[in-house]
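If you scroll down you'll find the structure; I have some questions about it.
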Amino acid sequence: MSAAAETALLRAPWWLKRHETLLAIILAVALVGLGAFNDRFLTLDNLLNQGRLMTEIGLIALPMTFVIITGGIDLSVGAIVGLSAVMLGYAWKTFAFPLPLAIVFALFVGGLAGFVNGFVITRVKVPPLIMTIATLALYRGLAEGVSQAHSVRGYPEAFYVLGQGDVLGAPTQLLILIVLIVVAGVALDRTTFGRALYAIGSNETAARFSALAVDRAKLVVYTLSGLASGLAAVVLVSRVTTTRMDMGMGYELDVIAAVVLGGTSIFGGAGTIWGTVIGLVMIQLLKNGLALTGVKGDATIVVIGAALIVSVLIASSLQRRRE
Amino acid sequence: MNAPLLDVRNLEKTFPGVRALTGVSFDVRAGEVHALLGENGAGKSTLIKVVSGVYQPDGGEILIDGRASRFTSPEDAKRAGVATIYQELLLFPELTVAENIFLGHAPRAGFGRIDWRAVRTKAEALLASLEIDDLAAGQIVGSLSVGHRQRVEILRALSHDARILIMDEPTAALTEADVTRLFGIVRRLKGRGVGIVYISHRLDELFEIADRVTVLRDGAYVGSRRMADTNSAELVQMMVGRRIENLFPKTLVPIGAPVLEAQNLVCHPMTRGVSLTVRSGEIVGLAGLVGSGRSELAQVLFGITPAERGEIRLQGEAVRIDSPEAARSRGIAYVPEDRAVQGLVRPMSVLNNFSLAALGALSRFGFIDRAAERRMAEAGVKRFSVKTSSVDEAAGRLSGGNQQKIVLGKWLANSPKLLVLDEPTRGVDVGAKAEIHRLMGDLAADGVAILMISSELPEVLGMSDRVLVMREGRLVAEFDRAHATSEAVGGAMMGGGANRERAA
Amino acid sequence: MKARYLLTTAAAACALTAFATDANAAGKWDGGDDLATSPLECGTGAAAPGAPMKYDGGQPTHAPNKAGKAITVVDVPKLIGIGYFNATSKGIQDAAKEIGNVKAKTDGPTEAKIDEQIKFIDNSITSGVDGILFAANDPVAIAPVLKKALSKGIHVVGYDANATPGAREWFVNQSPFNGIAKAMVDAMAKETGEDGSFAIVTSTFTTPNQARWIAEMQAYAAKCHPKLQWLETVEAQEDNNLSFNQATTLINKYGDKLKGLFGMTSVATPASAEAVTKAGQCGKVAVVGLATPNAMKPYVHSGCVKSVVLWNPIDLGYAATYVMRAAVDGKLEPGDTSVEAGKLGKLNVINGSEILLGAPFIYDKANIDTFDF
Amino acid sequence: MTAIPVTGAAASRGFLRRFASQEALLALAVIGLAVAVGFVNPRFLAYRNLADILLGNAYIAIAAIGMSMVIISGNIDISVGALIGVLATVSGSLAVAGAPTAVAWLVPLALGILVMAAQGAVVAYLRIPAIVVTLGMLSILKGGLISVTGGKWITDLPQGFHLADLDVLGVPMPVVIMVAATALAAIWMRDTASGRAIYATGGNAEAARLCGVNPQRTVVMVFALHGLFAGLATLVYATQLRVIQSTTPSGLELTIITASVVGGVSILGGAGTVVGSTLAAILIAEITSALVFVNVSPYWTDALRGGLILATVIADIIRRRRRAARGWRT
C-alpha cells in the first residue's frame, strides 16, 4: 500500500468531512455568484434539466467511486456505454427482441463487459489501469464491429419516457439516479460490502488475511461498473432517440474527474458517494452556469481543469496544515 | 583516551503535544556494541531518527569524534559516518544486490556513466570481506529472504565507510541461524573498530552480543549498565518500572479431543506432505528456520493457498478449506506474521480493524450494526488493554504491541476453535509480550486449540505443550513439553537428527 | 515463455486470417445509415429538379414577434476549432454585420460528439436566444433538443448537416448528397480512367454526411462508371497524422493497382495528398476530395492534386443567417419557394424545407488562390 | 545453505539479461507478426512499407520514452496528447511568423520542459496525484488552445521548417530521432546515477530518500524530461505534414500510455525500459497497418487491435508472474 493512501486515511475522519464541506461551500458560492450574473441559472427548470443531462455520467460515477476506493480504476466505461448502446439497438432491430428484453440484454452485455474486466484483474492479476485501457480499445472496437457503424433509430415513443419524460415533475432518469445514489451511499457507508472496499483499498493483503472475500468484492465492483455503464447507455439512447457506436466516448475522464474532485483518493482507501455527487454536480453546474453567463465552451473547459487542480490542492493543503 | 565515536548528550525532542525525548544521553566507542532497550513507545525510534538526521533535536547535542555535529538530513549523517539499518528494510526489490548496495554512490566511468564492472567487483569484495558466500552480487533483491536482505543493508552501510552503525531490531525477523550469522558479522565489524548501536527486545541476545546497554522509559533516560554487571531481571525492571515475574506463564490445562487433524497436506512448493493434530486446550509450537515452510503451512490451513492434496478434519469432520472465508466459517483464526502488511489495515481506525474479521456476525442483511460494532471494539480495547486515545484512532498510529493486540483481538471476537499464531510476539515489547502469552494461556484454558509459529526458541519451549519442527516443507520432529530442550529442537531445525524422531 | 509469445503471434495470425475477407468484399460500402440512394443522371446534365414536396419542417410555438427587431442567434456547429466551421462561423458573422440587427455567437463542443452538442444547444435554450443555427453530429439524436427549442418559441435553422425535418424549420443545403457524389466520382473517373481502382479515406463510418456521400458515390459509380474498381474504405478520425498513415498504408498495400484516393473530409484530403507526394506517386495516384483551399494550395500548385470539391462554407454560414432572419421576420414561410440571401441573391427551396446553396464548387490551379479560408 | 529461498535459481540472472529478455520477446513479436502478415500479403514486407510504418509512428515511440520514465517513477501523465497539440501549434505559428527555424524548433522543446516540469513540481512538492494534475492540465491545454487559436489551421509553413523531411546519411530524421532518443534514454537510465534514481523513486520512494536520492527532485526531473521528449515528438509530428491542425489530437495520450505498458513498463512503478516501449510503439503501429494489409473488415479492425494488445499484455503479465517469487512478500 502506498504511503499516500496511508496519510490520506490517517486523516480520514477529519479530512473526508472537510473536503466535502469545503467542496459544498465552493459549490454554493459558485452557484450564488453565477446566479447573480444570470437569472435563468438558479431556476428549478434549469436545475432539473441539468440533472437530466448529468445522469449518464452520474450513474457511472457511483460504481467508479467503489472501483477507485478499492485502489483500482476503470477506463473502459465509455467504451462499455458504446457497446451496450449498440447491443440494445442490435437486439431490438436485428434479433427483433421486444424492447424490454433488449434493454435487459444491453444491461447484461454491460455487466458482462465489466465482469470480464474484473475477472482478468482478479484472476490474472493484470493491473486495472492496463486491463481497462486494453478493453477500452476492445469494447469500442466490438461496438463498431457489431453495429457495422450503423445507427439504430425509430424506437417506440414509450421508451423515451426514460430519457426525455418526467415523473412527479422531475426527469425520469434523475429520479433513478437519486435512488441509486442513496443505494450506493448506504451500501458504501453502512454495509459489510462497503467496509470491505475501504479495507481492500487501504491494504489488500490484510483484507484477504481478515477473511474478506477480496476477489469477489473486486469482481462485483467491476461488474457493477459495467452494469452502470450499460444503464447509462440505455438512458442515453432513450434521451437522444438513437444508437451510435461512438456513444460515451471520453466519458471515462469526465467520470474520473467527478469522483476525484469529490475527494476520493486515487490511491484507494478513502472516498464517499456524497463527495462524488458534489463533484458531479459541481462540474455540471459550473459548465452550465458559465455557459449561461456567456463564457464559451473552450474557456469553460479551461476553468473546469483549473478548478479540478485547485480544489484538490486546497483540500490537500488544508489537510497538510492539520498535520 | 580517545573521545567516543558517538556521544549523545541531553537530547530533547518534542512533537506537538508529546515530549518524545527528555535528557537522553549515551555514547558509543569504537569496537563497541551499545544496546538501547525500552518498551515500544519508550523513545528508541525517535532517538535513532535524531541521531541519523531524520529529525532535528530540540535540545542537547550530538558529538561525533568529540566534535559537535548537526545533521539536517540522513545524507548529512551518512557523510559523517552514521548509517542506519531500519526494521523495515529499505531496499529496491527490482534491482540487484550490487546495485542496491551502491545506489546513490556508484563508481563512475566516463561521462557520468555508472561503471557496472566496478560496482560488481566492489560488491563482491564487500561480500568477501564479511565472508558471505551464499549471496551473489547479481541476484535480484526481490527474490531474497529477509536475512539475506538484511545483509544487503549492512553491506550498503559499509559501502559508505560507516563507522557508526545503528541497527533497529535487526533480529526481529530472523531465524536462529540467521541470527547466528548476523552476530558473526557484528563481531567482525567490532573487530574493525565500528561502533554499533543495537536495538532489540530480546534480552538473551543482548547478553550475547552487547557490551553496554542504555535503558529508556517514556522518552526519558533510565540508566546505563555494562552487560557484564547486570541481569535480565534488573533490565526488565528498569524498562517497565515494575517486576515481571514470569515471561512464559504457561498454565497446564486439561487437553481434550482433537480439533485439527491434517493428513498429508500438500501445496506446491513449500508444503510437502504435512500431517499434524492439534487438540482442544493444547498449545502446539511449530519451530523451523525461515524458508522451512512454517508460514506456508499456516496459510494452507487458513485457505490463503489452499491445499492441493491431503485432508483436513475439524472436530472430526472432513472439511474443505479453499479460502480464508471458508476457514473463518469453520472456526479457524490466523494471526499472520507480518503485522503491517497482513494483519492490520493501518489507516483504518481501531474500531474498524477490530470488526474487520467479524463483519458477518455484526451485520444483518449486509448492514453493519454500528452500535454493536462499537461495543465490540470498546470491549476488545478493554479486554486486551490496548493503549489508544479512542477507538476512532487510526490503528497504524499505535505501538507495535498494541497493534498486535488488535490483530489478535479481531480474531478472538469470532470465538475460534483453532487459533494459528504466526510470530505472535515479534517486535512486541516485554510487557505486551507477557500479556499476549497470558492471553494464550487463557484461551487454551477455554478449550481453544492453538498452533503457534515462532522463531524465538525460548517462546516455543516456554509456551508449548508439544513442539513440532519443520524443515524443507515437512515435519521432521516432534517433542513433548518435557523433552523439548533448545538443543534438541534447535538440532532438528538445522537438520542434525534423523527422520521424524519421537522423544517420548 | 518464448513459446507463449510465439503462441500469441500465431494466434494473432490466425485471427487475422479468420477476419480477412477478400479485397472486393472489404471495399463494399453498406453505409452508416439505411437510407435509399438516389444517384443523379450520368454525364453533364444538370441536376433534375426533384418533385415539389410539401413543407415538412417544424415551426416554433408562440414565437414572439421579433420581425425587424434585434435578435440574438447562437450557432452550434458539429465542433469548433476546425477550419471548415471557422469558415461557416465567419460567414455567419459577415451576414450578421450586413443585416445589422442580428447578434450571432458561435459556441460548440471541441470534439464532434453529439451528447456534448446537445448540452450546448440546451444551454442556449435556457439562456433565452431567439434563434439557433446548427450543424448536426447526428440527425436523429439532435432532434429532441431541437424540438424542445421550437417548443420554447425559438427559431431553428440547420446548415451543413441536417436533422430530421420535423425538428427544425429550415435546412440550408450546401449541395445535395448525390450532387457531391457525382462531382467526386466524375472527377475521379476523369483522372484515373474509367477502369481505374480507388480507395477512400474517411473520418469515421458513423459520421452522417460522410456516410451518405460514400453511399451516393457507390450508387452513382455503379450506375455511371461501372468499371471503376472500389478497393476499400478506411477510417482515420479527424486526425492529420492518422489520415496520412492510413493513406500511406493504402498506397503501400495496393502499389500500382491503386489509381486514386478519395478524401472525405477536409483533414483526410490534404493528408492523402501529402501521402501521395511523399510516396512519389504524384501523377500516378489521383487525389480527389472535399477540402478547404488553404490546406490544398501546395498540392494543387505542385500538380499533385487536380481538383478539390467544395462549396464555399463562408457562403453557407452567410446563407443560414439570412434564412434565420427571414424566418424570424416572417419573410420565409412554409410553402415559399425561394428566399433572398443578400449577396447570394435568391436561393431556391427544395425537398419541402431545404434551401439550396448551389452546385458543388471545383477548385483548381486557376482559382484556388482567390480563396482564403 | 539450505536457507537460500527456492527462487534462487531464477533470480541469479543479472538485470541486464532480465531486461534484455523482455525486449527480445517484443522484438520477436514485431518480427513474428511481420512474417505472419507477409505470408498473407507479401507487399507488407516491402522496404517502403516497413519504413513508412516507422516514419509515421516515430512520434508515438518518442513520446512513449518520456511516458515510460514517468510511469517507472510511479506516476502517470494524461496531458501529453494535448501538450503535443499545443507545442505543434506554437512551433508552426513561430515558423509562419518568420522566426528562425532553430527558434521554431527549440521553443517547443523548452515549453514542453517548462509545462511538464511545472506539473511534476505540483505532483512532487504539493503531493497531488499525477492523474489529477494531468487530467486538469489536459482540460486547460485543450480548451486554452482552441480559445487562443480558434482552431485555425497553420498552412504555408516554410520549407526549412520540415525537420521530418531531412535525413542523416539516408536515414530519415524521424527514425534517427527515435533511435537516438531511445538509445540515449536507455543508456542514461541504465548507466547513470540520476537515471537509476528513477527506478529507485518508483520502486520505493522512502528508501530512495534514505539512499541520498531526492525523490521529489527526481519526479520533477522525470516530468521535465518527459516534456523534452514530448517536444521532440512534436517536432516530428508537426513537421511531417504541410498543415498543422491547431487542435489537440484526441486519444493520443492513450496510444502513448498503451505503448509504454505494452513495452513492459510496470504500471506500479520501478521497472521497465524505454527500448521496450519503443518496440511496443512499433508493434502497435505494425498491427494497425497489418490489419489493413490482410483485408480485415474495416469495421472490425479496432476490436482486433484491442484484442491483440490485450493478449500481449496478458501474456506478458503471466510471463512475469511465473518469474516472480512465490508468496505474499515481494
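Letters A, B, C and D name the chains as they come in the text, with residue numbers starting at 1 for each one.
The rule we apply is simple: a residue touches a chain if its C-beta (ideal position, glycine included) is under 8 Å from a C-beta of that chain, and two chains touch if they have at least 3 such contacts.
This structure is a prediction, so every number in the text was calculated from the model and none was measured.
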Farthest chain relative to subunit A (centres taken as mean CA coordinates): B
Centre-to-centre distance between subunit B and subunit A (centres being mean Cα positions), rounded to whole Å: 43
Subunit B-subunit C separation of Cα centroids, rounded to whole Å: 72
Centre distance in Å when subunit A and subunit C are each reduced to the mean of their C-alpha atoms: 34
Inter-chain centre distance, subunit A versus subunit D - centres from mean C-alpha coordinates, in Å: 29
Contacts with 2+ other chains: residues of subunit C: 80-81, 110-111, 205
Overlap residues in subunit D, where contacts from two or more other chains coincide: 142-143, 146, 206, 250, 297, 299-301, 304, 307, 318, 328
Touching two or more other chains - residues of subunit B: 304, 341-342
Interchain pairs in contact, sorted by label: A-B, A-C, A-D, B-D, C-D
Subunit D residues within the subunit B interface of the complex: 1-8, 10-15, 18, 187, 190-194, 196-197, 199-200, 203-204, 206-213, 270-271, 324-330
Complex interface listing, subunit A residues touching subunit D: 3-4, 120, 124-127, 129-131, 133-142, 144-145, 147-149, 205, 250, 253, 256-257, 260, 265-267, 296-309, 312-313, 316-317, 320
Residues of subunit C defined as touching subunit A within the complex: 30-34, 80-81, 105, 107-111, 113-115, 118-120, 122-123, 126-128, 138, 140-144, 204-206, 211
Residues of subunit D that touch subunit C when the two form their complex: 25, 28-29, 32-33, 36-37, 39-41, 43-44, 46, 48-49, 52, 56-57, 59, 142-143, 145-146, 149-153, 155-156, 237, 240-247, 249-251, 285, 287-301, 304, 307-308, 311-312, 315, 318-319, 322-323
For the subunit D and subunit A complex, residues of the former touching the latter: 76, 78, 122, 126-129, 131-133, 135-140, 142-144, 146-147, 205-206, 250, 254, 257-258, 261, 267-268, 297, 299-307, 309-310, 313-314, 317-318, 321, 328
